[in-house]
Amino acid sequence: MAVSALIIAAVFVVIFAVFAVFDVVTGKRTKEKYRIRTALTAYLMLAPAILLAFLFVLLPILYSLGYAFTDYYLLEPDNIKYIGFENFTRAFSEIASGGTLYRALINTVKFVIGVVPLQIGLALLLALFVNKPLFGSKIFKVCFFAPVVISLSVTSFLWLQILSPSRNGLLNSVLGLFGAEPRDWLRDPASAMPCIIILSAWQGCGYQMLIFLSGLSNIQQNLYEAAALDGAGAWHKFTAVTWPGLRSTFVYIIITVFIGACRILTQPMLMTGYMDHTVTLSYYMYQQGYTNRWVGYSSAVALLMTIVIGTITLIQRRVLREKN
Amino acid sequence: MEKAIHKNSSLLKNKNISSRKAIELTVYIVVGVILSLLFLFPIFYMIATSTKSESAYASSAGTLAMFLPDLTNFGEAVKNYGNVFSNYGIWRYAVNSFTYAVIAIVLNVLVNGLAGYVMAKLNFPGKRFLSFMIIFLIVVPVETSIIPLYSIVKIMLGLKNTASVIGVVLPASISIFNIFLFTQFFESIPQGYEEAARIDGANTLVVFFKIILPLSKPIVATVAVFCFIGVWNDYLWPTMILPRAQEGQWPLYPIQSALTTIQSIQGITTGEIMSALIVTSIPIFIIYVLAQKYIVQGFGTAGLKM
Amino acid sequence: MKKLLSCLLMLTLSCVVAFSAVACGGGTTTDTKSGEVDQTTGNTIVKIMFHVDEKSTEGLAYKKRIEAFNAAYKDRKIKASATYTARVQGAAGYEAELLNNQVEGTLADIITFDAPNTASYAKSKLLYNISSLVSEDVQKDFYSLNTYDGSIYGLPIQESSAGFFYNKKIFREKGIDVSAYTVDNPWTFEQFNAVCKSLKDAGVTPVDMRLDATKDETATYLLYPFIYAAGGEFTSQDGYTATGYFNSDKTAAGFTFIKNLITNGYTSYAIGPTDFFSGKVGMYLSSGWTIPDLDNKYKEFFANRDDWGLLPYPSSAVAASATGSWSFGITNNHHSDKTAATELLLWLTSVESSDAITAATGMIPARKSVNKNWAEGSPEYTLLKQLETSGKERPVTVAYPTFSTCFNQVIAALGTNDVKTLLNAQADTLQSEMNRLKQK
């Protein structure tokens, strides 16, 4: 293992050197000057970070990418064979035949489409709410952040009680006051994903609220004053001043929430278990890689997922940035 | 600032504005309280449950009573909280968690801060490649990497027994995302500060520690708080790599690992588990409340341009 | 500038040095290797890994037995060294640890493992074949052995059995008599339905079948006997065929029985996990671990054993009840000499240990010759009798994790879907996993 790590490290250094030389060569053309001393200082100061990042971030990723082309079975670590693209063929045929991976893909897409606007919208509303310099706003800010900190197993257990299918379940009994029939929220394929979306948005929006708040604090107050002098109403102030001012914050939030949403795992796991109507890509990977012990196959799915998410993120960056 | 605007406008208009303000404030507080309840109900549930015996808990489950503490039986609450400390000794694990978190925070700020500083302020060949790597690594999903990470820590680095603690702290002290945050923040610090120092002959490292870090309280606080929450709440990884407690020795588990194992002890009641969860959440809350002012600034000044 | 460079060099160097020093330190400070000789005392060390916390009642019982072992084997220079940890949810962390320990050469000589994993662990050579190490007399004295492909790979620590806990107060109040239904004379599916009907007619939710416990092994463990009772099966003998077994008509009949309980309103997914304990439900399907809970935790609702009782599983074509628990196994680690490990294994599964451990856990001793003085008619007695007469273990297959997932999926979807369709779909999934494992 140490040998393979050293080889990877060497390859990494070579790639880095190639890029560095390329920078120096093109730098000469663009008259950009590199001072040796500055460069040395930079490398030395980067060394701890690069060393740690190589060991604990890059290397694990590369190894699991390597596993994607093998038949690594968790219980037989000394019997790993290279099997080419077999794992990928399996994944694609599973999608084509409408198997669990297909369900996982559809569910993840549903989740992302639902949670991204909901969570960001909620976060923005909360941020605007606590941004008012009124009595209590600071306390509210702490309260709204609470779910981010509380352990997921506690909140999930509570949500299970709230969404209990019983007539006396909290949600069912409230809806019962309006004459609604009790529903089995999490076992019903129609309502399970929406419930998980709502609970995830609730759980996570406090964090984005903070980031929106910081974006809000960057907006110059005199822009509001100017808008007020023009006789702008609250809505007009929002569209003319707040929204444009939040643009870069918004880009950042949309990308991070999107990536986080694509990786959704814990909520369906704790709320429903491994069920066709709520299984997500990460959950599928977890099940295949850990429970069923197919580490190789699971890594292949992870690689595919990385490619898809990465591509979408890069497109998002492009599209959202160009307008800037 | 906005307060000033409000003041100005109230001077311009007549007095019944102030009664309108009072109504507005009341509406604001009422809405705020309702919203807060929506976000705080798990805490009410935890507190309420920590005061209950198993019977009381069972009969309140599924009704609104599960959010209300059992005031009839105060002794039960005392017993629950007492057991958490006397029988399960959770304070030892809390000390562990605290130690790991503090070391991870210091390393985090040093390692990622230095890297962020270089990426923001220095020019060197290969910088574009590293910037690309940073963005790339933020985007890559890392779910499957826990098995190779385990092998790296245990086999390649050979961190066993007490040395496994390093395997908890070191991976927690590198965060590509924090390098990104630091870079963004440092870019917003005007060049003038450093140049003044450099004219005085200070070298890069001195500039970083003497000039840059003191100006960077918001980002340091942000990184520290999220690092703390991360280390404090993590259980799967520490449980995997840390050795089991040996008799007569100080245990190495952090608090969350201990809690998940304590939960499986036969005979422990839900009330006791909740007491433990509450006690262990208190540090996070305190730290968050103390640092929240800086967190907002930290993200804000960083600008977060991806 | 020189100062700066040297300063930075120092920093990086110290970082690297500290790092590698610690890493090497970690490498060299490994404690005495299992099965190897401790240089200072001359003892052969046998390492054992327990799956429970050392402060739990079970952990304390193990600890006592280990201490007794060390005292007894002092002269023979064998010393047991134990580690205890409660297993975190999910097998992955535990298995990754086992396997990495094996690669590192630090795998304990004896591990504990959940019985359904026998096939996987044996096939992957994680466990050592102990058939020849355990005498035939001892083998016969166990209620069950962990076998795979005709060989023994583990000895159960203790046994478990499950049944229907019922609220005697409710039964008395509604005038329902179940005293005739004993293990020797188990009730039938029809009689079970009749009792449910009387409870329902009396306005009580009849039974909590634990249909909501499909997120882990609980539902599988409690409900699989119904399928066997109906004459159904899950897999072929070798554990590599599911088609034609998992979706056979008789298997479907077993699941249909459970489905009918839902459609008739006798049970539902909506029953809360504590509803039985707060007196809202008539019967509760659970394992022996519920006995101490009912004895101690819910005094307001169950003051003493007059208030609750235990009924066996109902039978149909045959009688079948849940069994299975954790087992001890010798690992296939780098120590070829298994003498010391065998001594410890036999010590921990001896009649004496079996008695001591189950006295603490309240479960059923794994060995027949342990003297169990439970009063006839007591819940413990019922469970023991049931284990002896109708205990049937879960299918032995390397695809067990997938089997468990498939079973759970069927149970969770049973309320609203056609049984045969569900079973066909899951049989396909299970079969393809089995094919895949056969090729590996």
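All chains are identified by letter, namely A, B and C, in their written order; residue positions are counted from 1 within each chain.
To be clear about the criterion, a contact is a pair of C-beta atoms (placed from the backbone, for glycine too) under 8 Å apart; a residue touches a chain by one contact, two chains touch by 3 or more.
Just so it is clear, the model here is predicted, and its values are computed rather than measured.
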Counting C-beta pairs in contact, which two chains come out on top?
A-B
Most remote chain w.r.t. Subunit B, using mean C-alpha positions, is C
Using mean CA coordinates as chain centres, what's the subunit A-subunit B distance in Å?
18
Could you grab the centroid distance between subunit B and subunit C? Build each centroid from C-alpha atoms only and quote it in angstrom.
37
So which bits of subunit A are touching at least two other chains?
41, 45, 48, 74, 161, 164, 166, 169, 289
Could you list which residues of subunit B touch at least two other chains?
61-62, 146-147, 151, 155, 157, 170, 204-205
Which parts of subunit C, given as residue numbers and ranges, touch two or more other chains?
1, 4, 8, 11, 19, 96, 100, 103, 272
Contact footprint of subunit C on subunit A as seen in their complex
37, 40-41, 44-45, 47-48, 51, 71, 73-78, 100, 161, 164-167, 169, 182, 184, 187, 269-270, 272-276, 287, 289-294
Mind pulling up the subunit B residues that touch subunit C in the complex?
54-59, 61-62, 87-88, 146-147, 150-151, 154-155, 157-164, 166, 170, 203-206, 235-236, 239-240, 243-247, 257, 260-262, 264-267, 269
If we count contacts the way the header does, which residues on subunit C are in touch with subunit B in the complex?
1, 3-4, 7-8, 11, 19, 22-27, 29-31, 49, 52-58, 63, 83-89, 93, 96-97, 100, 103-104, 106, 272-275, 277-278, 289, 292-293, 296-301, 361
In the complex, subunit A residues that touch subunit B:
1-2, 5, 15-17, 19-21, 23-24, 27, 32, 34, 38-39, 41-43, 45-46, 48-50, 52-53, 55-61, 63-64, 67, 74, 126, 129-130, 132-137, 139-151, 154-155, 158, 161, 164, 166, 168-170, 202, 206, 210-211, 213-215, 217-218, 221, 224-225, 228, 248-249, 251-252, 255, 259, 262-263, 265, 282, 285-286, 289, 295, 298-299, 302, 305-306, 309-310, 313-314, 317
Please give the residue numbers of subunit B that touch subunit A in the complex, ascending.
1-3, 5-6, 9, 25, 28-29, 31-33, 35-36, 38-43, 45-46, 61-64, 66, 110-112, 114-115, 117-118, 122-130, 136-149, 151-152, 155-157, 170-171, 173-174, 176, 179, 204-205, 208, 229, 233, 256, 277, 281, 284-285, 288-289, 292, 295-306
